[in-house]
Amino acid sequence: MVQTKTELLSTEIKHLDIKKYNFADMIDSMGDTAFQARNLSRAAQIFDMMLKDKQCGVILCLAGSLISAGLKQVILDMLENNMIDAIVSTGANIVDQDFFEGLGFKHYKGNPFLEDTKLQELAIDRIYDTLIDEDQLRICDDTICEIADGMQPRPYSSREFIHIMGKYLQDHGKDKNSIVLRAYEKNIPIFVPAFSDCSAGFGLVMHQVKNPEKHVSIDSVKDFRELTQLKIAAKETGLLMIGGGVPKNFAQDVVVAAELLGEDAPLHKYAIQVTVADERDGALSGSTLREACSWGKVSVVHEQMVFCEATIALPMIAGYAYSKGSWKQRAEREYNNLFATTETVA
Amino acid sequence: MVQTKTELLSTEIKHLDIKKYNFADMIDSMGDTAFQARNLSRAAQIFDMMLKDKQCGVILCLAGSLISAGLKQVILDMLENNMIDAIVSTGANIVDQDFFEGLGFKHYKGNPFLEDTKLQELAIDRIYDTLIDEDQLRICDDTICEIADGMQPRPYSSREFIHIMGKYLQDHGKDKNSIVLRAYEKNIPIFVPAFSDCSAGFGLVMHQVKNPEKHVSIDSVKDFRELTQLKIAAKETGLLMIGGGVPKNFAQDVVVAAELLGEDAPLHKYAIQVTVADERDGALSGSTLREACSWGKVSVVHEQMVFCEATIALPMIAGYAYSKGSWKQRAEREYNNLFATTETVA
Amino acid sequence: MVQTKTELLSTEIKHLDIKKYNFADMIDSMGDTAFQARNLSRAAQIFDMMLKDKQCGVILCLAGSLISAGLKQVILDMLENNMIDAIVSTGANIVDQDFFEGLGFKHYKGNPFLEDTKLQELAIDRIYDTLIDEDQLRICDDTICEIADGMQPRPYSSREFIHIMGKYLQDHGKDKNSIVLRAYEKNIPIFVPAFSDCSAGFGLVMHQVKNPEKHVSIDSVKDFRELTQLKIAAKETGLLMIGGGVPKNFAQDVVVAAELLGEDAPLHKYAIQVTVADERDGALSGSTLREACSWGKVSVVHEQMVFCEATIALPMIAGYAYSKGSWKQRAEREYNNLFATTETVA
Amino acid sequence: MVQTKTELLSTEIKHLDIKKYNFADMIDSMGDTAFQARNLSRAAQIFDMMLKDKQCGVILCLAGSLISAGLKQVILDMLENNMIDAIVSTGANIVDQDFFEGLGFKHYKGNPFLEDTKLQELAIDRIYDTLIDEDQLRICDDTICEIADGMQPRPYSSREFIHIMGKYLQDHGKDKNSIVLRAYEKNIPIFVPAFSDCSAGFGLVMHQVKNPEKHVSIDSVKDFRELTQLKIAAKETGLLMIGGGVPKNFAQDVVVAAELLGEDAPLHKYAIQVTVADERDGALSGSTLREACSWGKVSVVHEQMVFCEATIALPMIAGYAYSKGSWKQRAEREYNNLFATTETVA
């Protein structure tokens, strides 16, 4: 049953539109059951509490492969409706997947049983049950390189670089339904603390190799400094964390960083994590939010772990809060305005 | 049963010394059983194959909390006996835990049932069943700041910065049993691609805030460039990955990066991953090494996933290879010599 | 914060009513996304296919603590609407939880952080985040003993015994919303292959100790024989399995048993399993449905594993099929009529 | 790469012999590390404590596929050296795997990537990475039928039936290295509370269908009664549980059953569970031993969960206790003598 590249890349992933459905009552009812349904219900209610709380800035943390998995529209809907004020993410979500789609490329439905050596020959990359045209990913790399080539050579935070990527999509993007673009338009900062760990890394390595003396660099300290600045400005904050990894740690850490800078930043007042990771291996991704309390990062009053895979849990949590409508009273925060606008393009 | 801080921080974690034990025959025998014992056995044998293969450079990837968990000596033994030629790690392992112990501080045995709000009041940080004196961690942050204050203001790779941390420990360290120190002495590069995501981030943010105009920055692109350079120089490579996250992705990606730079770098010839993460959520940490083959990163000939928690699996894999002794024929690679020695201290 | 028994047992678990919600379109849309959302979508569609297939008998397998977790009404709705023709379950669900509620008792919301030694003193039993009054559970045990005391002393299948429990609830039950009662009324067989492994075991041990010579016994072979007989009569079958364990294995095995009896029973044509268990430990609960194909039990054409906790996944799968309405064309099967009606009560 | 049945069934699983290795010091040292290594160490030490405690009867609980996975010799060594006084198991381990090997059949190394439809055609059954000749399994079924045909028609406990299987192996077995045989010879009871849920079920269904009026039946209540009787006689008890499922629940429940019979049976004094199951789905298999305390089953003083796959953890726990040698002072308990010797063979 040999398939060609065209056959393998024939069925597109379609992004789920939570605005079409209202299941808020069901999620409230799940609060009277048990186990993860009850946890999911409480998490959704805490997210809605964050949005009701006028003082609270909301930070969305993204790890895993969420955009390729069809969750882009869920995140866009949260951005567009002022449900999210900042994003901290892995590079894959923002560059390889969202920016990639912004360039007009797509993700395709596959399955986990395909033969990977065969896919390699066909230049198809697999993410569990999803497929990507590797040649298109190379164009994405090249585009990053091209963007960097046009920038003033100096250290940038990933946030600054992603802002410029948003500008690029505004000018040249083919799919306007992009998180990077929408965040650019709405002045919402996106941080990718391990920015080289994705297609951006490939593009920027090419840029630096071409320009060995003077080039763009990505200063991960600046990212941390800016996110800390945001925390100090926001005061009260809530975290909606999908997966763990660097985004989770990075976003939690800013409370401590603010304190070290002599600022009186409160613990994250609300915290939700959706994950299937396990606390029993002692790794950060599965560590409980209670454990984060010992570190002085997260308050235990409104925290909830949900042990559920994100493609199921995120639409339900976001859809719940969308249906509830508390976001309608929220102002845009445009946290990007906190940071000096430097002339970044040569 | 209220405990004081002194009582809580009374029993030190002790690092396991695999050199004392020889269980290689048992691990070979496990290869004739099934499930994860068989996988563990095959992983140990593949690690020994890497060491026998004179052409193969070995990269150790570290995620999770391994040093605090008593695995420092296992890693030191691998460094000292030329079983490892480069390290890619999360910041926690290298800075918050190894460098921290190099400064003379310790980790302590606790348990997962302690009350975290109480720990917070006592300034004790918890990692599952392990405890840290938060005041000592602040000294670690300050030390990073102090080191940065003494450096020329420019972008550095994390590898460069960690090399300077090694020099610091040589001069000022209190516990000479340190990965950062030993890697410094043996010219073994350590990369931390998300360098701000740990105590180093706290120290460097303080440094940058104190020095807003001219300061040290950490260029994560340079890290990627250097590791790619290492891959190109090494040609054949093997990965021993403990946990997933950024180190796994970063180390796998260099094959593609080398290709993009027009260099003919082969797939990673050997690859082992020890993890409890699950492929079924589509995230990178649990993604199979076969999946990495579709991306053109890892060969499927000698790859093995071991689904086991690292404190059990790593001593067995490392201890097996130590007992087998193939490392005795290996030369030091001193990959740090690949990179221009720039004057880094002001 | 010491709580009394009354305080701890104050908030009842309420059973989720899927009939109130229609999220079928969302679940269809999830089929165009990835990972477990896509798997959940396909599982829901396969369940609807089973119901559309007039030739197909549907067997529901239940493991884990589902009734105490608020899923009783979901299962009742499937029974009442001819979406399920037989049940294979662990004893906890059927006796300790459903029959227990039939006697008028309740489950209560707790949390996983309660102190278990304290609960033991208060005679409160904990299931993760759910609480039970142990004194009421003892009444449940006694009721089983009392029922057995009134029966003819001979070996029974668990199905026969549970049928008599249904009669008991019809006569004496306080909560008519019971799976055991509804199955009795609708002639739907319920099998509990490890019948002693629950409150029924306690009651029956008391019965046998009181009646050492002549007593009721539970013949697990008879269960297997009857379920095989059902499979032979049903011909085409589909499995909706929640959790793994004995019910999963038992229900899959009947295909082989039928073959051994010289009957030409087809593989289970449809199979769904909702679980968080992992195939990597080689245990049955997490073993894939593809693996079951090697055993000649399950066809791989319409099979789907969903890696999601049941309190979230089952309402979505059952609710989807309820909304679709294919069950409206299904006839009652009353499989209990397959089995000789023996006079069972003394 | 099509393989024949002979090629696929060519490499035998070999049972690990823990008596050859001494890694007790390493396991003690793991107690000073963290996470699962520390848990494993404590579990091994608790097992040794059970053996030192002259008052304590030791019950081994087995779930999952352990014998096919090469752990038979580990269990045999525990039986032969009085480290175990009773076994509660799933049927697969005892009948399909141990008794099957006693008849002279073998398990073979395979891998999880074989095509299951192809295996089905070849009559090869797969357990994750292990293969079985289905034709030989049918001989095992037939042997059970033949044994039952020769027995007096009446209800038996699974323990009684397995005892007779041991006698059969003594007379007719081809591989004397059998758990069923050794337990028979040493008067150690083996309970399989869901006895039909395995090859025994197939054989006994054939027996009952051939003998519709008068036949052997398996009374699961009698099993529970006998195990309760054992608990009452043993007084102090310890549980070594590999996996969860019915054996875990059944063995824990006897404390409650004894109490219901008016006997003063203490909580299980020691309890160890090796599992990869997760408490977060509320199912029994992953429920903590602390939770079992709320049910009045297990004391929390000496209990330890080890989250590790059994093929790795069991040899280490059993090997530790074997090396320590506390078993040398233990007397045989021959708990089978507690139960009336009835003439069971026609």
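Miscellaneous remarks
Letters A, B, C and D name the chains as they come in the text, with residue numbers starting at 1 for each one.
Methods note: contacts are C-beta pairs under 8 Å (C-beta built on N, C-alpha and C of every residue); 3 or more make two chains touch, one makes a residue touch a chain.
Here the structure is a predicted model, which is why all the values come from computation and not from measurement.
Fewest steps needed to get from chain A to chain C, stepping only to touching chains, is 1. Greatest centre-to-centre distance from chain A is found for D, with centres as Cα means. In summary, the interface at A-D recurs among the listed pairs B-D, B-C or A-C; the equivalent pair, sharing over half of its contacts by residue number, is B-C. Distance from the chain B centre to the chain D centre is 40 Å, each centre being the mean of its Cα atoms. Annotation: 47 Å between the Cα-based centres of chain B and chain C. Chain centres here are Cα averages; for chain A and chain B they lie 25 Å apart.
Of all residues in chain C, those touching 2 or more other chains are 34-36, 65, 69, 127-130, 278, 280-282, 307, 309-311, listed in ascending order.
Across the interface of their complex, chain A is touched by residues 63-65, 69, 90, 92, 112, 114, 116-117, 119-120, 123-130, 134, 138, 141, 155, 193-198, 201-202, 204-209, 216-225, 228, 243, 245-246, 249-250, 253, 256-257, 260-261, 276-285, 287, 290-291, 293-296, 300, 309-311 of chain B. On chain B, the positions that touch chain D within their shared complex are 12-17, 20-21, 23, 25-26, 29-30, 32-38, 40, 65, 68-71, 107, 109, 127-130, 307-313, 315. Of all residues in chain D, those touching chain A in their complex are 34-36, 278, 280-282, 307.
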